[in-house]
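Every chain is named by a letter (A, B, C, D, E and F) in the order it is written, and numbering of its residues begins at 1.
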Amino acid sequence: MKIHIVNPNSTVAMTDSIAISARAAAGADIEIIAATAHGTPTSIEGYADEARAVPAMLDAILTAESQGAMAHVIACFDDPGLDAARAFANGPVVGLCESALIAAGRIAKRFSVVTTLPRAIPIIEDLADTYGCGRRLRKVHAADIPVLDLETAADRVLPLIAAKIRQAAEEDGAEAVVLGCAGMSAHLSWLEREAGVPVIDGIGFAVRFAAALAASNIVTSKVGAYAPPRIK
Amino acid sequence: MKIHIVNPNSTVAMTDSIAISARAAAGADIEIIAATAHGTPTSIEGYADEARAVPAMLDAILTAESQGAMAHVIACFDDPGLDAARAFANGPVVGLCESALIAAGRIAKRFSVVTTLPRAIPIIEDLADTYGCGRRLRKVHAADIPVLDLETAADRVLPLIAAKIRQAAEEDGAEAVVLGCAGMSAHLSWLEREAGVPVIDGIGFAVRFAAALAASNIVTSKVGAYAPPRIK
Amino acid sequence: MKIHIVNPNSTVAMTDSIAISARAAAGADIEIIAATAHGTPTSIEGYADEARAVPAMLDAILTAESQGAMAHVIACFDDPGLDAARAFANGPVVGLCESALIAAGRIAKRFSVVTTLPRAIPIIEDLADTYGCGRRLRKVHAADIPVLDLETAADRVLPLIAAKIRQAAEEDGAEAVVLGCAGMSAHLSWLEREAGVPVIDGIGFAVRFAAALAASNIVTSKVGAYAPPRIK
Amino acid sequence: MKIHIVNPNSTVAMTDSIAISARAAAGADIEIIAATAHGTPTSIEGYADEARAVPAMLDAILTAESQGAMAHVIACFDDPGLDAARAFANGPVVGLCESALIAAGRIAKRFSVVTTLPRAIPIIEDLADTYGCGRRLRKVHAADIPVLDLETAADRVLPLIAAKIRQAAEEDGAEAVVLGCAGMSAHLSWLEREAGVPVIDGIGFAVRFAAALAASNIVTSKVGAYAPPRIK
Amino acid sequence: MKIHIVNPNSTVAMTDSIAISARAAAGADIEIIAATAHGTPTSIEGYADEARAVPAMLDAILTAESQGAMAHVIACFDDPGLDAARAFANGPVVGLCESALIAAGRIAKRFSVVTTLPRAIPIIEDLADTYGCGRRLRKVHAADIPVLDLETAADRVLPLIAAKIRQAAEEDGAEAVVLGCAGMSAHLSWLEREAGVPVIDGIGFAVRFAAALAASNIVTSKVGAYAPPRIK
Amino acid sequence: MKIHIVNPNSTVAMTDSIAISARAAAGADIEIIAATAHGTPTSIEGYADEARAVPAMLDAILTAESQGAMAHVIACFDDPGLDAARAFANGPVVGLCESALIAAGRIAKRFSVVTTLPRAIPIIEDLADTYGCGRRLRKVHAADIPVLDLETAADRVLPLIAAKIRQAAEEDGAEAVVLGCAGMSAHLSWLEREAGVPVIDGIGFAVRFAAALAASNIVTSKVGAYAPPRIK
């Protein structure tokens, strides 16, 4: 089964990194189609970047379906354009934040998220409410680093992220900690050391989650809110 | 004071109609800048159309600020791109749905909304939750008409909308009814006859609401979620 | 247009101070009728004072309507008697807390409130829930000063309030701070210095907000919860 | 132990009727002090009547405490002035709606309320939310009768109320039905016939509930929101 | 009237201690039937212990009804099997946490809970949400002591609990503090010293609360969710 | 990978039927261990049956882990003992209702559930709230049939269920319909004909969902609420 994972930003190195995580996670029967949303911001840092990224991301979804993709993963923790993607796609679509929070809520009663920039804090809090896990979310911590530093200055920023993970485990009563940025995925094994609680990267699970929906023939309803755009 | 009202769809006739409502509402000290988001869908009917419309709408906001606009109104009842617009704009930005629901909540404990297509029902319900008036919202009714029929077939569709308004007043326990589409604004005086409860069109109020914020020097915070996009 | 602003407490000096803020905010086309609720507590500090103040405040509303007032502002951050006032009035009625929180929610995803006495903290938290912005409200801080000290000992208490504003901006992740007492209005310009985020006083905005409703012909529904009291 | 039950309206016949229900419910060790809030509306029908009734009701609470009352019941289903009463009283205070909904929630997962006038519907819905049982409340039905008709035209209006009770049991999935007006208490035995589900009148339970709090030495906290009014 | 109080764990010494509190609380007209759920864990510390305890607890309820019990109290702060007990019992059933939180919410706008083990924190938070007082609950503190230490090492652990109570009163803005374990009941008078706010033990109130329901003839609805198990 | 699916009731024919659905859903790399909770009620119809079934179900989980099960599915739509199972298990545990509602929420903005007995309606509504999809759930319909009739009288009861599915699609605005009983799984292909919207059976998806968690190394946190029971 072909699963499409789309990076809504235009940094190809980040797409490559995401694809490695996705392929490592995918079983033998899953083929990953990794796409970059070209012409979009180089990283998604807030509502403005999200809005600029969505149309190209939707185009990537249509392209992937024409290539046989059976399901889609939006590989950005803001889940930009998730509802719009569902209206465009035939297969199921899942977001990275959505997948990670759903996973966390199955194995922990209370969890925290560690993300990059402070401006993402209310965005992630609101997503947690939308996905119905606002009560389970203890706190969103921001390490105060730009997203692309995860690609270009990992040595410097990873210790800052690890410190926030430990703080969440010790001070929040968090039973698990979720990595709140697609760019952290490549560093999961390093970050989960010393955490003392499970650390969850959503990329691998999101791929399997999307595949589980498609394999169960659970595809986007085309009646109601996710009906395809009317021809005008 | 210049207030910018932007129609996110590309139907100029609808922009013109909205501008007439806006100018009728604006007092002597308000100048309306009405803009069309060019290159977007001809009407906004669901998530997919919204996503395609937002980038051009954001461009219109930047243009309007360069022309001296002190505040902005997004003239579509889905409030597409509202958070993104706030990150781009310096002046305050309000949405049509947001403004209408806030107004309704000040003069009625319970109200209903009458909109065009059924696919908009969950969208408007979710917006009501986001704006904190989910308990006040009795029901969203859809007259099951395409948005542009309000422009091209008003004689046929207005009685359908009026019937839904009466139904809301009689069956829902609605103390007021909100018109759930920018295209209904031109027909407010016709629609509010025989309703028996206040009928609220948001266009006029949204203009005054945006102006009230700007005149009070209440402008978008640039710390946190609405910080301008980072230069990358 | 005449807008009525009523001070529910019986301290005329506070009414005068509120009237100055209101008139400074009102445009050329708004005439302010400022009233004091005579025979009520000298300040509104909690549920007991509220209850004692409401009947005289309702009388003030009827008087103001007989003088041509088109809309009403309740100038106390507890919003005492807001629903009762709507049942009595024909024009729209808005509360100070209600107006300020609505304004804050348009320009900030997360905000905090700074008020006077600790007993007001749960009152304001509950109002935020009632107005649907409980998630946006980060924290209510109390400077622990009696309300009337704002009139009689401003030099001493203003630095305490300013310190709480800075604390909110620095520790809460608040993107804006709302002044949580009508008596703080006169000191807005002093308090917003060094805050680092927008500081919102609701008095001026509440006047414009009420006027915007009235000018849009959005008046209190007389069907349902706000129907006038039955003659018995 | 003396328990004070106060009728916030000024109809003494209704106080007498309430006192009979209360005394029938009270055990041998409870003495009922029944008071009327003089000078208030003859019935409480909506926010305006509530506001006019509260100050005299608070006076009745102070009087009752001077007579040895250990706890207080506000015998009106709108629970007017409940928070203010707590700030004034030393003993615990419970409302009629509050008590009845708390009782209903212990013996039924879902229940409905039958009240008098339609304007009370959103008031009771909001109280249910405040008391945390909004999800348990299936529906509020109004028989569309003035409150005092329960005193003066019982023969005519009781069948209307009984019909609404049956409707709630059959159509709402209500596992119990709550009588939503103090004036219905005297007719409980008649109304619960043929209902098919438990019918709950709150008067008797409210007396015992208030006594249970007082006997357990659980009295109103005087720290925070219910601190007594400051002397000014 | 006979009231049944059941200790879901198998530690008879704890049942005895609970029975003493219950009998001290019960008036002259209440006879306490205290039962131990034999064969269950020696203390209830989390979901696993709860599940193991419930079937024997349900048996105890049936036995008690055959002995004339008119109402039931589940004497464990996790309220294990509360809904199941309602389906089995004819009389009303109340939980300890449920009773204590309901009592606290009548006399304080905001309160905190002090419990034993950290694993109980999310359990109690979720119960508060279920009982509709999530907003009133400021914080759940855990003294980090095993439940049975309250029986066997009271001298050592009571000061730890007292310290948490003081912390709650001073740091949380709690207007009352609830004891979050049945085993704390015997120590109420010691623990409430120096607290500065009301300290609530639910055992005594729960007995009176259950009796108040039964005496008011408010018994579990047998229509719907609490219908008795079907014979199969 | 071995996935354990446990039928909490003691009807082996139902376990067999569930196992067939599970094996049909599982890919080549998943081996299903299907277990029956012996000594439990023959069907789970409400809280009382749930409580009686959980201890044996927990034993089955321990047995399955000793047999190499990496994850667990509770195959009953009431999700009995889900939290307790997580405290006992090392691998992840998912419930049938939980899995089905999570799947539905990914492909539909609004959905309904069709279940067997009316007593399950509030149970499923409450589970939807717990899983954070209360707003997405339009309505729970009960076909009013005992669970075991799905095994013994399928010809008679399936048309009743199909009628409820059509009603949900036509009247509720449901964009998908979820089958609300494990016993319906075998009849999915028959039931989804003529529905007009996606019909979701959770069994197959739950197996894949549990496998996706385990394969992603997302296992139950043993810190906090799901810590193993303490040895006493």
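Throughout what follows, a residue touches a chain if its C-beta (ideal position, glycine included) is under 8 Å from a C-beta of that chain, and two chains touch if they have at least 3 such contacts.
Since this is a predicted model, take the numbers as computed values, not measurements.
Taken together, subunit D and subunit F share the touching chains B, E.
Seen from the C-alpha centroid of subunit B, the farthest chain centroid is that of E. A straight line joining the Cα centres of subunit A and subunit D is 51 Å long. Inter-chain spacing, taken between the CA centroids of subunit C and subunit E, is 42 Å. Separating the CA-averaged centres of subunit A and subunit F is a span of 27 Å. Within subunit B, residues 83, 86, 109-110, 118, 121-123, 134, 173, 224-226 each touch two or more of the remaining chains.
Here, these are the chain pairs in contact: A-B, A-C, A-E, A-F, B-C, B-D, B-F, C-D, C-E, D-E, D-F, E-F.
The touching residues of subunit C, when paired with subunit B in their complex, are 25, 27-29, 83, 86, 92-94, 98, 102-103, 105-110, 131-134, 169, 173, 175-176, 196-198, 200, 204-205, 208-209, 211-213, 215-216, 218-221, 223-226. Interface residues of subunit D, counted against subunit F in their complex, comprise 109-110, 135, 173. Residues 118, 121-123, 125-126, 129, 134 of subunit B are the ones that touch subunit F when the two sit in their complex.
By the touch rule above, subunit D contacts subunit C in their complex via residues 41-43, 45-52, 54-55, 58, 81, 83-84, 86-88, 118-119, 121-123, 146, 148, 224-230, 232.
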